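Each chain gets a letter, A, B, C and D, in the order it is written, and its residues are counted from 1.
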Amino acid sequence: MKRRLLAGCMAAAMLVSLAGCSSAETGKTEGNTTGNSTEVSSETGTTEGKSDNDPGGEFVLGSPQPLTGVNAQAAQATLNGIQLAVEEVNASGGIAGRQIKLVSYDDQGSPEEAVKIANKMIEVDKVDGVIGPLLSTCQMAQGTLLNDAGIPTVAIGLSPSFMQNNWEYVVRSSLNSDYVMKILAENMTQLEIKSLAIFSGQDDSSKAASNAMKTEAEKAGIKVTTTETYVDGDTDFSGQAAKIINTNPDAVFVASYANVQPIIAKQLRQFGFEGLCFNKELFQADSLKVAGEAANNWIFAYPYISYENIEDCDIPNMKEFITKYQEKYGELPSHEGAMRGYDAVMVLWKGAENSGSADGKAILEGINKISDFEGLAGTFDYTAGDGEGIRTCNSYVISGEKYVLLDNWLKEGGYEAIKSK
Amino acid sequence: MLKVNDVTLRFGGLTAVNHVSLELKEGTINGLIGPNGAGKTTFFNLISGVYTPNEGEVIFNGIKLNGKKCYEINRIGMSRTYQIINLFKKMSVVENVMVGLHPKLKSGFFSAIARTGSQKKEEEAAREKAYEWLDFVGLRSKALDPAGSLSYGEQRLLEIVRGLASNPKLILLDEPAAGMNSKEKEELDVILRKIQKLGVTILMIEHDMKLMMGITDYIFVLNYGKKLAEGTPVEIQNNPDVIAAYLGED
Amino acid sequence: MLIQVLISGLVIGCVYGLIALGYSLIYKASGLMSFAQGDMLTLGAFLGYMFYGQLKLPFVVSLVCVMLCMFGLGQLLERGIIRVLLKNNVLPVYIVLATIAISYIIQNAAMMIWGTQTLTFPPIFGSSLVELFGVKVQPEAIFCIIMSVICMLFLHVFMKYTRFGTAMRAAAMDPTAARACGINTSFSTGVTWGLSAGVAALGGMLLGPIYGVFTMLGAIIGRKGFSSAVIGGFGNMYGAMLGGILLGLIETGTSAYVSSAYKDMISYSILLIFLFVKPTGIFNEQAITE
Amino acid sequence: MNKMKNLMNGKMVPKLLLAVILLLVPLLFQNFNYGLLICGFIAVYVIAISGLDLVFGYCGQISMGHAAFFAIGAYGSAIMHKYLHIPALLTMIIASVAAALIGALLAYPASKLVFHFLSLATVAFGEIVYQLAAQSPGGITGNFTGFYTESINLFGFQINTNTRFYYFALVCVVIFLSAKHRLVHSREGRAFLAIRENAHAADGMGINVRKYKVMAFATSAFYTAIAGGMYVHFVKFISPETVSNKQSVMFLTMLLFGGTSSLAGPVLGAASVLLLNEGLRFAERYQMLIYGVLLLAAILLMPGGIYGVIQKGQQKLRRVK
């Protein structure tokens, strides 16, 4: 009797699972996005010719982001930025004449989900292009699958690690953190910093940034006094802060997620550290609000900054972007992920523009021809062929709880003011 | 076969069992009586390894039991039943008995997975043996029902036969007749005699004096943790201390 | 530096203690374990942000409102979910898993309602730092220590000396016997769950100004509360607080003097060691072994 | 002799039918890699959950840190394969044996803990292994950057496509489920059940309760570690997020969804939860909220899990007949 039961159940289970997969395959649960992307069309059985670029078909664009969990805030802003760009591109005729259909997924920041989503995007949604996930571990897990399927991916992660797998179809529209660390190291020598403490998260991009900082600092003759880390989701860094201050460094370099920035800023100031602090990426606007004056004298080098209100912005295309963002979402971008997402879609669009076709290979060649495209992050130049579009950016300092260009701040003697204190 | 010398057990200030000594002869049916709270079940738990005595020693077939764990004592040949029925409710009746056979079976973890010839044979033999034991108490018809679905009396019998499955030399029965009707008590009487014929010594706690006086060869009386008296059923019936303890005159 | 470590160790220790108090209360009153305490803290912080930050009510008023809301929610949870499970006497793991499901729901619902940004919980005592033993400390930190101690004393007195408190303890020890003496055990268990939710919410209100309010605020603190409860002796009020403070100090100390990399691992190893070596904890609470 | 009669009167038919269906699956889904990938994942989870069922469903010992053994299996196999160049299949087995030993080491002191505190001990163990994976000494596990590895190479036959992995996983599922079936119906299986039902009485019946609890833990650790090894050589990438406590909760959810102490429970549980997960993809950021609500609803309405519902249905059928 037992054997029959086993057999029956195994059959039932397998059939249930296969029916489930096939039902998922027939597009019953087509990824529809919030906002007014094109109406959800049920998937016809035929597989669209990937290579032909008949204007009638759609350009399916996949976007797996960690919409839940610790990075939900950044992911939501990124998705908003992508949707804004998709609308703009569709308004001006779409990619090589094909309207973009955005398919958004929540990869919960887990590589296992990322792999499943990648397979689904390739097989079920038949994506023509993908905007890479925010977390580099998910990008690492997805990279090979999408690359082998010949689907161009514009990654928006900051960590250098996933660009070393020589994936032909992956390019980056954000700034590789190795370049940022070079710029910060130059700033440090400029500010005669002699010793540096490092406080880093364990996640891949923070780890990569702090390691790059260590090499750049040692190259510039700056002694690294200590390296402290924190556990993802932790909120109490008093132990680490106390230890850092005990080694009395001239400056502290912090590589962390957005929601950790204000906490470590407050605790460093609380424990009496008055020196300069360097951040691996933009010190977010709302983190600035939580940190208050503890965020003063923080320096970072980053292609974009977030704004309290539209008037503060003096870069023309950025101003245009945040105005449209405010119109659509009723608030200014809360995380610079919005700019990264926007630039990524634009790079993809420009690539298709250069090659005049929506085919994966053609888009890639088109992208590698980009040399002077004015994105939010600055002028994109992919001609070097290593998939990195942006290499420099300017540095900012937070003074009076406002973003100020480092060069202007130095000219006005802001640094002398602190040094004398 | 079982010698208990001057055994004492204290729970904090309370002395549950106070310097009790007794000896059981091979193949006899012995009774253990006494008013409620006299420490009878505690005494059972003492012998079967649930508690370790503070003083004195328990010798079973020449082996000192102090400090041994329940399953070690069971393997030397002492089984028991419990005042509150401790059956494996969701397992079937026959499986309960097969669990009783556990110490007697040899097949290990890997032979089970490989389902070796010897393991299969041993399993079948165990199943047959279990069915024999069910015949012993007339429960074969309910072999595949869950143990929890049996009537109260049947559960008592199943617990006894589960204890017998490992061919013990001594079996401790904790109020086997509790909750049984008179017909079931008669059946129990027959079964107890059958157990004695198998050469298994019995030590039984029971409140039903009619059953006890009819079946036992020797009786021990406990009161407030101390041994009040011992002797044949007739001696115990006329022993003034016992009567006083029961009628509560002193 | 030692003073800094001590103070911040005390602050985080007190919050661990508050969470541990919640666990001990629930365990004392219903013999169960809720994995949603951490998220009760987060919810308390969000509600505090709503009352105190957005509606600009005075702090004390918003504190009372938050405690009442969470008290109600805790009761609702017990009556709506836990009691239903207990009625169709399911395996204990179902109840544990139900609390985990509740914690998923709270986290994601909070994210939907209050969005994903880190919200600024307005400071209670102005934003200027206070000098304490030569160290600049946020006034909220001292407030947190004081409030936790007050809360522990209140709970201790409540459980030990008030009629209702003793009824709750009786209900936990032996529900049937308690019912026999006329105690409405279902009501008292509900109150205990409400109380522990309120205590966790207090933790949220105290932590909000220091760390800001975001959905994952209570996640790790919730789990650390377990370690502190076990170290002190699971089910014991004093134990919860002492365990919390000890754990807070050990953690901050190790990350300051040894290495911050293995801070979390150390606290979980301490939990394991206590469970295996001294399961009854410092206060010898006979709750753990068979 | 009644066994022979059963074989004759067509008891073999449902088994053959099942075998044919399962073997045909990849052909039916030629271009449908995604479906096969999900089936591959289902097979991996079926083995992990069957292991958990042994220690929890049969032996009654709760474990809320089982992702730790999944991690030991996955990382152990990947690291040994990369640094010691041992073929993948062998490293999987070695890593799983190691996981079994570690499971036994954890179970020995934990066997005296009563329910809730055993769950606490396993949660703590799970967190410690996660921390080790996240910041391993010398970065051997690649920490959060993750760890790449190759697919299984069975004597030259590379199992790198979803179809090949599907068949390999199918064989593993059959092996492990039949092993569990035999173990459960043997002396050891009865000892597990006796301990779950009433550990005190089991002790009285001559069962060394501690030894069997340790055996149950070690076996389930072995199963879950094998599943970890299969996962890492299938996805060819592993990072700490996969082995966080969310994974341990996922294992328990699948087991309880499917129904405990049965052979089919874990299969139904793994399949239904994974398909539910895929089905909820459209919900994007509300996916976890819906998942939490469904989990709560299942616990309240379906305590026996899907298998429990089927069993109740069968019993009603039998009574009606």
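One rule holds for everything that comes next: contacts are C-beta pairs under 8 Å (C-beta built on N, C-alpha and C of every residue); 3 or more make two chains touch, one makes a residue touch a chain.
Computed from a predicted model, the values in this text were never measured in an experiment.
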The remaining chains, chain D excluded, cluster as A, C | B
At minimum, the number of touching-chain hops separating chain A from chain B is 2
Of A-D and B-D, the pair with more C-beta contacts is A-D
Taking each chain's mean CA coordinate, chain A and chain C are separated, in whole Å, by 35
Rounded to the nearest Å, the gap between Cα centres of chain B and chain D is 41
Here the gap between chain C and chain D, centre to centre from mean Cα coordinates and rounded to Å, is 33
Chain D residues touching 2+ other chains are 131, 135, 185, 285, 288
Residue ranges of chain C touching at least 2 other chains are 108, 111, 261, 264
Pairwise touch list, complete, is A-C, A-D, B-D, C-D
Per the touch rule above, chain D residues touching chain B in the complex are 179, 182-183, 185-191, 193-194, 197-198, 200-209, 215, 219
Note: in the complex, chain B contacts chain D through residues 48, 69-71, 74-75, 79-80, 82, 86-91, 95, 98-100, 102-103, 105, 107-109, 112-113, 115, 119, 123, 126, 162-163, 166
Listed in rising order, chain D residues that touch chain C in their complex are 56, 62, 64, 109-110, 112-117, 119-121, 123-125, 127-128, 131-132, 135, 199, 249, 252-253, 256, 285-286, 288-289, 291-293, 295-296, 299-300, 303
Note: in the complex, chain C contacts chain D through residues 27, 32-33, 81, 84-85, 88, 90-94, 96-98, 100-105, 107-109, 111-112, 223, 226-227, 230, 234, 261-262, 264-265, 268-269, 271-272, 275-276, 279, 288-290
So, in the complex, the side of chain D touching chain A is made of residues 11, 14-15, 17-18, 21-22, 25, 28-29, 31-35, 37-39, 41-42, 131, 134-135, 143-146, 148, 177, 181, 185, 231, 235-239, 241-242, 246, 263-264, 267-268, 271-272, 274-275, 278-279, 281-285, 287-288, 307, 310
